[in-house]
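Multiple structures follow.
First subunit A sits with subunit B, and in the next complex the same chain sits with subunit C.
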Partner chain A sequence: MLKHLFTLIWNRKRANALLIVEIFLAFVVLFVVGSLLVYRWQNYRAPLGFAYEQVWEVGLDPGIQPKAERYATQQQIIQRIKSLPGVRAVTRTGSNTPFSNSHNSSNIERPDQRIFRPPSNVYRVDDAAGDVLQVPLEEGRWFDRRDDGAPVVVISHDMKELLFPDETAVGKFVVADGKKRIVGVTATYRADGDFADPKQAIFLRNGLQDTTFEHLETLLVRVQPGAGGALEKQISADIRAIGPSWSSNITPLAEARDKQMKTVLTPLVALVITCVFLIVNVALGLFGVLWQTINQRRSEIGLRRAIGASAGGISGQILGEILVVATFGLALGLLVAAQFPLLGVLGVRVGVYGTAMALAAGLVYLLTVICALYPSRLAAGIQPAVALREE
Partner chain B sequence: MQTSAAPVLQLTDIEKIYQTKTIETVALHRINLTIGRGEFVSIMGPSGCGKSTLLSLMGLLDEPTHGTVAVDGRPVQSYSDKELAGLRNLKIGFVFQSYHLINDLAVLDNVELPLLYRPGMGGKERRQRALAALDKVGLSARTGHFPSQLSGGQRQRVAIARALAGAPEIILADEPTGNLDSVMGEEIMDLLLGLNREHGTTIVMVTHDEQQALKTQRLIRLFDGSQVG
Partner chain C sequence: MFWNYLTMAWKVLQRRKFFTFISLFGISFTLMILLVVYALYDHTVGPHTPEKRVDRLLFTSSLYLWSPQTENGGHPSYSFLEHYIRPLRTPEKVSISTGHGVAVAYVGNTKLELAQKYTDGEFWQVLDFDFLEGRPYNPQEVRAAAHVAVINESTARNYFGAARGVLGRTIVTDEVRYRVVGVVRDVPASRVFTYAEVWMPITTSTQDIHNAEYMGSCMAILLARRAADVPAIQQEFARAVRQVPPPTAVYKWCTEVRLYAGSLLATTVRERLGEDGPDDGVVWFGQAGAGLLLLFMLLPALNLVNVNVSRIRDRSSEIGVRKAFGATSGALVRQFLVENLFLTALGGALGLGLAAAALHFINTSGLVAYTQFELNGRVFLGAVVIILLFGLLSGVYPAYKMSKLQAVQALKGASNPA
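This part shows the complex of A and B:
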């Protein structure tokens, strides 16, 4: 029967061409949107590599205070915040804090392999950053006093995989603003947010010589659960008390995350809504064409019933036919979709394309089955004696 | 080939009434009819007298309002749709005035069609049977042609080959020569007579042509839904 259906559809290819094109286009749209959604979804499901809850970002603006005095004032502010009840730890870092959409990247190399590497995210941190962000470690340790005076770095899992795929990274060296020794390897670290691709990251330790305010003007503060507006007001007041010209902007990382998610999700939702409208249109088109086809084929259906097809058999045949038509459309669509990973069109991981292809194909089949259900029932209900006399 | 007395089709007290919201039409009234195995019966009557309705009931394509239809002595009113479909496929072949060939299928594929609904039959056997049926009707050379490339007589021969492919015991022919000129009509009639004579196929044929009806073994006349002869 399957061969018969293929023969029938092939011989009716001109009549079915429009349906095939419609299904092909629906598949391509679903595949592209699906690739983006699967990519974002897989990233969303992956761990961030740090804990953002109960962490506040404190942006500092020294105002008119002379540059030479800023570092000392910042240190006073840090000490004061650390001493507040409800504060667990404070770290000083650059502006590329989690969810900030701010980046600092550089090409990090192995000293023995001077080859081009993709840029890595660079984070300037101090010893408290590991505690504040609760970064899990896969190898070695976070920075501490033992590293005073020694050029050391902590790298992420992804950088380790890039530079030292089959060996232990701790104790090895990388070239990052000079030759530095690796003391630890973190899990994948994705400060760019929930939907961002994992990217290799390197943490540079603020050494004792880093006595300037510039480039490290942001504080990350881990607070105790339940800390809220009162603590926030206290921190702002203390900053103003220590540095009268200073101002601050306090944002919980959870809030920054929500804001970033909205920014990423809004165009995605718009895309999905547009896609849904398109698919509904395709579905209505399919439904209409199938309905009309059934009416045009009443005598054929009557004949099939006369020569041995049951009502269920007719219903199954109509479903089978539309699935064969869908398969022709999908075959064309898959040919196009297969070019995407080869050409890297969407810049997502190769596995994402495979998942999106399977999802889009499944959805197209589901859509065609749903659209064919009612017309196939109509076909099954055709009275053969009546249909055969109509011509 | 001898005609056996055993009835292959038996219609008892058949009534067929078409009911709409406002009107009730009696298409058949108290028809009692027995078709013996190997018989060639023709049905005649004016247009609208119920000939095609009677043929539909014999072909299990429709159900009577009252009365019973029995195939090989077994009443079929309790049969499910699937069982009736299976019975039609195994026992009955249809030939229609307007051929009812599928224009998008080649001749061979059209002839194979009833065999597609026969469980367990492989593609090779289907093809062999279809080729043999086409050989019987003299169309072996046209297997790859499409219906639109054939004459009316050839199309009807394809339809007969399709009816024969499943080796049915009964062929129900609804005005098989109605769309053909007299020469082609004679050809088709000879073919049906040959099938009945040489293979013992039971044939019930609706016709308007008295000359053709007289060539069959029995003639049934209908008038206003009732049997009059």
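This part shows the complex of A and C:
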């Protein structure tokens, strides 16, 4: 039966060519959009690895103050902010704060290895950062006063998997701006945002020797729940009072997250709207063409009914035919889709392509079945006597 | 004759309402999406306030310290532009301003984050802002570092509670007091090089504008006397940049300083693509855009072709009769193309309406601050071109198939010509 259907469609391939191309294109569109959506969705579902509520980012701009004086002024500012009621903890860090779209990456290696690895996110933070961002630890501890003597780092789960796949990482050394000892391993840390790929991260401790302002110009402040505009204004005024040429920009991380989400989601939404429109378009077209075909094949269907085919058999045949056409289109589409992971066109994980292929193929079949249901029932309702008399 | 075709087309459309609906849906939605994209494009780089004389303006914003191995990208500093770009002779005026900044103002305990730009006095002469009241600050005030500011309408409303009558009042941003001298109509955030909510003299900035480093946070806008002067300005600009000594005191590896002046479109594309060479990427952008446009139109067009072919089969007896009475293939093809163009035009009119509705929705959603996307003459012209293209794209193949229909077979009711 199936073989028969394939032969039928193959013999009429020229007549069906347009439909096949249309289904092929629809599949490719669904596959590409599906890949992007599945990728973003999987990332969105994964935990961030830190708590962003009640954390404010304070960007500092020292203006015309001479470089040599900036560190001291910044220290004064930190002390003042720490002393304010409503502030729980403060850490100095680089500009690569969570959701900021700013990156600081470099290649981190084990001392005895020289392997080319993907670059890792590097975060320079103080002892208080563990409290500010509430980073959950899988092993070991966050760094503190005890580490004043020796250079130490905390690495993320992903970096541990990359550098120490089958061993404990705590106590081992890595090369990051010099040889440093690992004291803790955090869960996966994704400061790049909800939709970003998990990337291995390393936290470097700001030592007492880091007395330059330049690469640690941002503060992260954890405030008490309910702190708002009044505290913000206070901090801003205090910074002005300590350094007259200084200005600051205070943003709650929740706000930065919303802003980042908006910039990621807007193009995705536009893409989805366009895709939905294209698919509805294809569905309507398919429906129209099938309907028209039934009208034209009335005599053929009438004849089949006359020589004993059942109504179910007829609608089955119509459905089967369109599914075979869809399969031809899908086969072409899969050939194209298979190139995507090979060429790495969209830059997403390889597993995502498989999921997207299955989703897109399922949707195409679903679409064809829905479009063919009414025409096939129409065909099954043809009365042989009426159809044959028209002939 | 033509009128006949149109009446025919109208009758045909009414006969098969479902097919008409499919065709119109496809055409109007395709056109709507294309028009919305084009309106966004036009709004970003077309001639709109404040860059009304966009054909006479050149922008420069990204500075690259370059060597074959290493590169450092950023923006030029004020002193760099003042020293190398300000003295150019071919432009009528050169304006230097900072890029984007944020100024914080408080109304009670509510924080207002204002997009801020520090500019020189020429900024207001090079660009055409709509002043609702007051005036821009002039070069003398900038030289004297007067604490005066121009604000936009929304800021006046949010800060003072009234859009008018705020001249001479004081706005405190980042704890510094400025006197408002002018209020302008809101500038959309999509005009990246001129957008701000408050504009202040660059001499009052806390930045060190005398710092001799090349890298900073500024940009320049050059106004040509005539649009025809633009290539001459670009040549002089390139000569001036070639004479800049590489800053090898700090960046030992640097062999070349790269800075380019381009139109609003060229500079926007360059910034987006991060192009650091003499090629601004506009050609690539145009090709990619045209390719995507064709790809996007392919599916609806194919769909329309399919539907049209079905329609023709439906009318095979009519075609047979006309052929039998001596209509030439050419006449039939012409008729069908006119019918299809009529249908496309109808869909196009619907599409324009849908696009207007979609743009209104985008405007009210506040996606881009202060942006009022709208359909204008250029967008409309674009729509007409797209409609024609679409009508021909989807009409030619079915018309060809129709002309191949044999009269005898068509009359017999056979739908597939051999």
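For this structure, a couple of remarks:
The rule is short, and it goes like this: the second predicted complex is superposed on the first by the 388 of 391 C-alpha atoms of A that agree within 3 Å, B and C clash if a C-alpha of one lies under 4 Å from a C-alpha of the other, contacts with A are read in each partner's own complex, and residues count from 1 in each chain.
The rule is short, and it goes like this: a residue touches a chain if its C-beta (ideal position, glycine included) is under 8 Å from a C-beta of that chain, and two chains touch if they have at least 3 such contacts.
Values in this document were obtained by computation on a predicted structure and should not be read as measured data.
Taken together through their common subunit A, the two structures put subunit B and subunit C side by side without a clash. Applying the stated contact rule after C-alpha superposition, one finds that A:63 touches subunit C and leaves subunit B untouched. Taking the Cα centre of subunit A as vertex, the centres of subunit B and subunit C in the superposed model span 90°, given to the nearest 10.
In the overlay built on the shared chain, the residue A:235 is in contact with neither subunit B nor subunit C.
Set against each other, subunit B and subunit C differ in how many residues of subunit A they touch, and the higher count belongs to C. Contacts of A:300 after superposition: subunit B is touched, whereas subunit C is not reached.
With chain A used as the common frame, the shortest Cα distance separating subunit B from subunit C works out to 12 Å.
Across the interface of their complex, subunit A is touched by residues 18-19, 21-22, 25-26, 29-30, 33, 102, 104, 106, 109-111, 113, 174-175, 206-208, 296, 298-300, 302-307, 309-311, 313-314, 367, 415-416 of subunit C.
Listing the residues of subunit B that touch subunit A in their complex gives 52-53, 56, 59, 61-62, 81-82, 84-86, 88-90, 93-94, 96, 98, 100, 102, 104-105, 109, 112-114, 116-118, 123, 162, 166.
Those residues of subunit A that touch subunit B in the shared complex are 1, 3-4, 7-8, 11-12, 299-300, 302-313, 383-385, 388-389, 391. Across the complex, subunit C is touched by residues 15, 18-19, 21-22, 25-26, 29, 61, 63-64, 228-230, 232-233, 236-237, 240, 245-250, 266, 273-274, 277-278, 280-282, 284-285, 287-289, 291-293, 295-296 of subunit A.
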